[in-house]
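Here it is: the structure, laid out below.
Labels run A, B, C and D following the written order; every chain starts at residue 1.
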């Protein structure tokens, strides 16, 4: 594992469904949020990636639901980078509820991988050099 | 009133919240769906509007919630055009549940207005002539 | 005006649409978030309202879109309480983008009103006494 | 494979993001819609499952994104049941765009599994007997 980053966020009413818990699809929003803030913490906000002409569409993703999340829960979204990106950038996630006593209860885990696509040609490319370099400097060795 | 169009659609699980009813924000998706299918029924699908270089961002919208909508309800989204568009295109909506006996129960009503914006200049424009012409031919007199 | 509260929140990728801006329906999520945090700031989290047997469904809401919001914008959601609740609780909102120089650009404003409903009887009630009392203590002259 | 069912549905504007394509999380809504209509086609609408006191929360799910989906695409959501449910009910999905010439282009595939939970005790149970029986009658041999 090269890096992990914790992002804290409350669940919203609109995210719940009639089962009284957060809807299964919303966990993929939490993955997105966790990944976004992880990128920002490493000084390459995703917004900047797009400004430099690269988009990162999802290739695949998976979520395992361990325990339900309820309205107004305080979540910790823990994002892991396990290896340097090549043609894909893989992220792994663990989502916890922060209990009142500070304990963390695991609610879900999952992973996804994103491609790099040149916005102009709309073709897949390898991880841009500026990004590889930045990641090696921050996380290498 | 110049025109009205009914679109039928079931409510989805993801649209409900922990109150056991469809979340208030989702009615604006129903407005969008009703408006989209109304435009299609008049032979100017919104997709074509954008292909002709015009986007139609929302200017304002309002919804009044009369009675809750539940999971798996069959909705009728009734969209009204009350007047020809000028610098704005106004739509009015009534959302009904179709009961098992065929009766319609009013769940919500509302309205919104959309601007016309030139995609290239990003500036507001008046209703494009091709669209005005088409609407007069279909709905005029 | 009795009270106002500012809540800061970034826009998410999932909230944007193909126009490249935040979708119109999402502003109603921002209203919800602003209202929720305003309630919390006054020591009656909405979660507690429901735990005390009362739900607060939306009666009506309105939003005026002034200027688009983009991905990764830092928003200030400003929520106003203009009067003490009786059979309805009315909230007013202004949504701003916090620019890099700290200036606030108005993106939207709106308002909504919520009813009080007894969860057991499913009937509308007036604002519960515990809540009225709390609000008078906090906000009453 | 025991059964498959096709459900047709257009993509909505609200489902797109600033990349100009349907957001990755929305495919899980399509899975839900496909599964719901598959259940209905076999005469056990999910609504009835809940009315009989059972909820079916997600245990895990996976989606592979093959090709992007655009605004106003006509999708075919193909849902497969590969085996009879025991303690889990597994569904598999393929999502296609229906092209103007009638051809189907694969956009995504995936699968998920759902548990059976007794609403009263909140405990996992095996597939209810009434449902097993119904499925064997419809799909057995």
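By our rule, a contact is a pair of C-beta atoms (placed from the backbone, for glycine too) under 8 Å apart; a residue touches a chain by one contact, two chains touch by 3 or more.
As the structure is a computational prediction, the values presented were derived from the model and not from experiment.
Enquirer: Once you count every C-beta pair in contact for both, which comes out on top, B-D or B-C?
Expert: Between B-C and B-D, contacts are more numerous in B-C.
Enquirer: Could you find the chain whose CA centre sits the greatest distance from that of chain C?
Expert: Greatest centre separation from chain C goes to chain D.
Enquirer: From the mean C-alpha coordinate of chain A to that of chain B, what's the distance rounded to whole Å?
Expert: Each chain reduced to its C-alpha mean, chain A and chain B end up 34 Å apart.
Enquirer: When the centre of a chain is set as the mean of its C-alpha atoms, what distance in Å lies between chain B and chain C?
Expert: Chain centres of chain B and chain C, defined by C-alpha means, are spaced 25 Å apart.
Enquirer: If you average the Cα atoms of chain B and of chain D to get two centres, how far apart are those centres in Å?
Expert: Computed from C-alpha means, the inter-chain centre distance equals 28 Å.
Enquirer: Which residue numbers or ranges of chain B touch two or more of the other chains?
Expert: 13-14, 21, 25, 29, 32, 71
Enquirer: Across the complex, what residues on chain D touch chain C?
Expert: Listed in rising order, the residues of chain D that touch chain C are 13-14, 16-18, 20-21, 23, 25, 71.
Enquirer: Give every residue of chain A touching chain D within the complex, in rising order.
Expert: 19, 21, 24-26, 28-29, 32, 55, 57-65, 68
Enquirer: For a test of understanding, state which residues of chain A touch chain C in their complex under the given definition.
Expert: Residues 12-14, 29, 32-33, 36, 45-47, 71-72 of chain A touch chain C in their complex.
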